[in-house]
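Structures incoming, each one as structure tokens.
Consider the two complexes below, in which chain A is the common component and chain B and chain C are the respective partners.
Moving on to the complex of A and B:
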């Protein structure tokens, strides 16, 4: 496997695992974990194998064409920095999977958990490995989405739902800003390829659009990395299961923000704007997070605020505009990931074993959990920056930088130094709270559960991570240095500075600061211990408003603003909606046509054929009659509707559209049958005595609107028709229908060949509609007063009861005896006609649509004359299967052209000589038309049969008496 | 002839729109059907009206596009006819279901105030 193909495998593996895990049974906890663990381990192995390719500043690239016309490529790129992140994502990901295997309870739906976790891992890998900024933004949003699903995993609890929603809104909004920033950046550079952008640093910094781009990108990064003032979503995200917290808040999710800052560091940093914005956010987050962490009573809350604080540190280091600070930032990314993941896991074990995370109740756990306690103490020491721990090294680098940084204002340098020490003190205090408060002292006796050491393999991830903390802390030169160097080179390239990771630099000022902070912290903790323990959750002196602003905004947008807007701009009443729609359509049409030349040519009355005039005289009378009768005489309206349809059909014949006429005729029959079947379930309607003035004026208004609409559309049609036809694309179809489509019926060739893709879409819609109707009718509950058998059936039943010789139900099939016999005899002829119409379609009027409708009507005629019971006892029409078969046939024909290297639905034509029948066209389009035919038969039959079947279903009454039928009628 | 077809489109549209604005579901369904006739005729008429010029070719003869009716609007209308049948069916079933659930056949889902 080459390095480039490894990259795509690396991205694909987690997503593949996500799909597999989703389909495993929910009780297969072990299998889930095996799949997830194996895939994570595989990904980790790939990352490790790629090290040689990226060491010494190497870059692995893979570009797959995606939309070549737009110059878009799926671009993957791994340099040392991306490699380091990939290592953290897959490595800690694997440990989290292992840990989660033991953490998750058997009652939890585990497939969902592992599926989301792996998908999140894939999305995160996508962010760090993207070689294209747009693609990066896409994966960025994907991480927001999957973190939403992970945080809300226990969605039965309100806290999980709220936390997930807040995280999604904040990081999603940031993602939108990031996309905007990237678009600006792409506009400046002229490319979204990371390589090109990274090479254009000077041009970007000098561009007038630099500041907007910077602001937008920083907004994205700060929301993701929970920087002040967007830090409030992170503690709420602790409602997630602990393995999720351990993953999201150590190596992934929140690190995506600082990843982006470091990734774009070479092009965006080095300016005053960068320094002020990034440093300010980092510094305030650093101090604030540590301050708030001290006052938490929840173990995970403490870790959450500590995470915020450490992210602030990384941001601050990246904001200082010096390469050596950037090195410290990158180093701290790695260190923080290791100790924070292990601390979250330890907190999870404590929660798991004792049943509580409240530090006011936990104490003396050292005796019950000796090994876990030792591990947690070491990891906390790393968090506090105790010497010989990895946290100490990056902290020392930070102190050195804080002392040596050169800012335009000397005061700021001073401030930075003091803030660094204060931060150190706070860190020591909250770390001590975690260690001393939880593990030391007399054992608690009121815990919800009796604590025991967890299973061996649940502790293993922590052991491994803590070992890493120690090794890096004690012998940095032999362990981390080459890898850190690889990562740093990925970001800084040529500008990589000289730095030393030695544990001992002598009695320097930074060491003094460290020691001062440590002893200060211990002393302050000893003083404040009681005070901190007896507090309710939440810090003194500081009241954070970010969260409240967020909530107020949400309430405002979704309630206070939305409600009045909805009340003013929206109506639930369909009648009103339709009125608005019609009026707006009329207004828009008027506006568009305003000022057009409306000169009408004289109407040549003599050219009007009296035959068609007579037809339309009847047709128009039918239309108006249908409009008039539709309320009280539905059957009459239905018949009149058919009259108007027939007039339309004749018009098609008259004006050279035989295909349309055939289709219209068949649809007319099907529609009439359909509505007839529906009439049965509609309520009776009795004419009301008088209508009020209001109702009459409303009707008058609607009449005016209707006349305007009719006059407008008719006038428009007249204007268009009396103007000459410009040369349209019709010429293309006429000239090529036979030479390229192999058919002489141009309309059919357009449908199945030239515009085959459209037809494919249309038959899909037809299938969907039929299935929807079918699904709706399966749960159909008619209105109570429609449940009773109709009068005709009751009369027939009474007749049967009165005659001893007739069993009940005997009369009904008999009253249609003659038509049904005729129809049974006619069916083969009707079927043959359908197939004839279908087969000749390519060259003569006909085709799949007409043929299919004909066959469906032949079937429904059997149904109507034979009766529902007779039909359903003898015929087995699996209409759903016809639909599926038709769609598959059409799709397979389309895909078949791929086999020959042509685009989807390219048709192939040839004529085959068959004895007796002569030359028959055999186009691949014919196969496509077979699909259309099958689908139309299936869909039409399904629509009609499903509705007809309702009449013999036994509908249970809804237990309420039928409402009075003579209720007041309104217009 | 154009005037006649235009007039019929106008009448079909007016009847259809009037019914569309009525309160009862059955009225609306009839209105939609009438409106779909009107719209189909309208689209069809965009290719102009020709008699005895069905868009059928003769094999081996180079066709003259000017001598045939425009096949494109016909192809568009053909599928539109079938789809409008499907939507009528869907609407019918939805209105029946709504009638069962709400106890009324008013389009607003309740008699309510007008």
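Moving on to the complex of A and C:
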């Protein structure tokens, strides 16, 4: 496997796993974990194998043409920095899967969990490996979506729903801003390819549009990485299962923001705007997060605010505009991911074992959970920045930078130093709360559950991560340095500064600051312990309005603003909606066509055949009659409509379009019958003795509008058809139909081969329409006056009741006996016709669409003559399954051409020897046509079922007692 | 449609005759549909077209295409069969509807009731 192909495999693996996991049974906890774990491990192995390719500033690229005509390519690119992230995503992903196997309870629907988790992993890999910025924005939004699904995993709790919604709205909106920023950036550079953009740093910074681009991109990054003032969604997202928090909120999702900042660091940084915006956001988040973390009573809440604070630190480091600070930022990304993931998992174990996460109740767990306690203590020490831990190294780098940073305002440098120390103190305090409060002291006796050490393999991920924290902290030069160097080179390239990861730098000022912060923190914790423990949730002194503003905005948008808008701009009346649509279309068409030359070529009247003219005359009379009768006699209008359709059908035959004529005929029959079934449910017309002037003028207005719109459309069609045809694509089709499509019926070859993708889209739409109609009719509430059974049925029932020998509902089948027997006889013939039309479609008039319609009409006839119950007692059509099968069949045929290295939906033709029949032409497009056939049958049948079932279900309405018949029949 | 010059005159005449008979019967049926007074009278007239009318046209078609392709072409028999089978269904359902209307409608009575049928449309 070459480096480039392993890139695409790396992205594809998690998504593949997601699909597999989704289809496993819901109680297959072990199998789920095996699948997910194996795929994550495989992805990890790929990432590790790629290291040699990206070490020393190498870049692996893969470009697949996607829409080459538009210059769009699916572009993957992995440099050292992306490699580091991919390592974190797959490595921690694997550990989280392992952990989740033990964390998730058997009652939870695990397929959903693992499916979403793997899909999220894929999306996150997509973000870091995208070589194209638009593609990056796409995967970015995908991570928002999957995180929404993961946070809302326990969607039966309100907190999960609210948290998920808030996370989605904030990060999704940020993603939109990011897309805007990327578009501006692409406009400046002239390309969305990351390589090109990264090479154009100077041009971007000098461009007048730099500031808007920067603002939009920062908005995206800050929302994702929970930077002040958007930090409030992250604590609410803690309603997610703990493995999700350990994964999304330590190593991946929230790191996407800082990933982007670092990714675009060579391009966007180095300006005053960057410095002020990024540093300000980072600094305020850093201090605020740490401050708020101290006052949390929920374990995961504390970790969430600590995460916010550490993300602020990374942002701050990236905002400082010096390469060495950027190195520190990148280093801290790795360190934070390792210790925070392990801490989240430890918190999960504590929650799992004791049943609570409230720090006011947790005490003395050291006795019950000795190993977990040790691990959590080490990880917290890393979080607090205790020496010999990885957190200490990056913190020292931060302190050094805070001291040496050069700003135009010396005061700001001072502020930075003090803020750094204050942050250090706060970090120590909340880390101590986590360690001392939870694990030390007398054992608690009022816990919901008696805690025990968790299973061996549930602890393993934490052990591994904590070991990493220690190793990096003690011997950084042997462990992390080469990898950090790889990552840093990916971002900074040539500008990579000299730096040293030594544990001991001597008694320097940063070390003093560190020690000062540590002892200050310990002293302050000792004083404040009681105060912190006895508080309710929430910090003193600071009241954050971010969440409040968010909620207010949401209420405003979805209710206060939406309601009046709906009241003013929306109408429930169908007539009004249609009127608006037609008038707007008219206006737009007039505006577009104003001033066009409408002169007609001379018409040769003698060329018009009198026969066709007669047919057209009849058709037009039918059409006008239908429009007229629609008001007074719907049934007559429907029949006339059929007449107009037949005239169209004859016209097609006349002009040698048998395919169209056949389809028109079938469509005509199907629509007439379906409309006929629908007529029964239309509300009765209100007969008004005399209409007022107002009504008359309204009708006149409608008539004028209808005439203008219809006449205009007809006129336009006429104009287009009388113009000489330009040399269009038609000739291409005629020439290639047999040589390349393998069929002599050009229409069918176009449908299933040349324009197969269009057809695929169309059948999809057809399926959606059928499902929509079905969904709408399921909850259909008829007008009160049409709830009652039709008069005919009621009379028949009364007749049956009057004769003791007749069971109720007996006379209607009797009335229809002869028709139904004859139609039953016709059914095999109609079915054979359907298959015949379908099979010959590639070379003669016919095809999947017509064949499907024919079969559907045959079914409709059975329903009509035999009755819904009679038919369904014999053959219950699972229409939705037909639709699904059809779509799958068409898609599989299309995909099948990929196996042979051809583009989607390439058709293959050959002659196949079939016993008895001899050599028969066979095109793979036939399989596609099978899909069309199945789907058309399914869609039409579904419409029919939806309508037919209306008449056998009992409708609840006001004041009308449900007929006793239907209740009896229902049972 | 192309007329094959090789078609012998007697056959051409025969085909034309069949076609004309079929067409004339269909026309008669249509006129009847227009002119007859009551529904139950009118319901009979289209059957002219669907029975012998169709038969004439189908026969003409069989002869013509058999001669043209110099083999026996009998697909058209299916048309005749299906028309014969399905026409009664339509008429029966229609008659049922009218019977219902006459029995339970406001003004009129069905045939077979004591009073004379006055169904007029």
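Here is the rule we use: the second predicted complex is superposed on the first by the 573 of 971 C-alpha atoms of A that agree within 3 Å, B and C clash if a C-alpha of one lies under 4 Å from a C-alpha of the other, contacts with A are read in each partner's own complex, and residues count from 1 in each chain.
Please note the rule applied: contacts are C-beta pairs under 8 Å (C-beta built on N, C-alpha and C of every residue); 3 or more make two chains touch, one makes a residue touch a chain.
It should be emphasised that the depicted structure is a prediction, and the values quoted were computed from it without experimental measurement.
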Partner chain in contact with A:717 - chain B first, chain C second, else both or neither: first
Which of chain B and chain C A:792 touches, first, second, both or neither: second
Contacts of A:770 with chain B and chain C, given as first, second, both or neither: first
First, second, both or neither for A:694, with chain B first and chain C second: first
Which of chain B and chain C A:572 touches, first, second, both or neither: first
Which superposed partner A:4 touches (first chain B, second chain C, both, neither): neither
Chain B - residues contacting chain A, complex: 1-31, 33-34, 37-38, 40-42, 44-59, 63, 65, 68-72, 74-75, 77-79, 81-90, 92-97, 99-101, 103-105, 107-109, 111-112, 114
In the complex with chain B, residue positions of chain A that touch it: 572-576, 578-579, 582, 603, 605, 607-609, 612-613, 616, 619-620, 623-624, 626-627, 630-631, 634, 637-638, 641, 644-645, 647-648, 651-652, 654-660, 663-664, 667, 670-671, 674-675, 678, 681-683, 685, 694-695, 698, 702-703, 705-707, 709-711, 713-718, 720-722, 725, 728-731, 733-735, 737-738, 744-747, 750-751, 755, 758-759, 762, 765-766, 769-770, 772-773, 776-777, 779-784, 786, 843-845, 849, 853, 936, 939-940, 943, 947, 963, 967, 970-971
Residues of chain C defined as touching chain A within the complex: 82, 85-86, 88-89, 92-93, 96, 100, 104
Chain C-touching residues of chain A, taken from the complex the two chains share: 791-792, 795, 815-816, 818-819, 822-823, 825-826, 829, 865
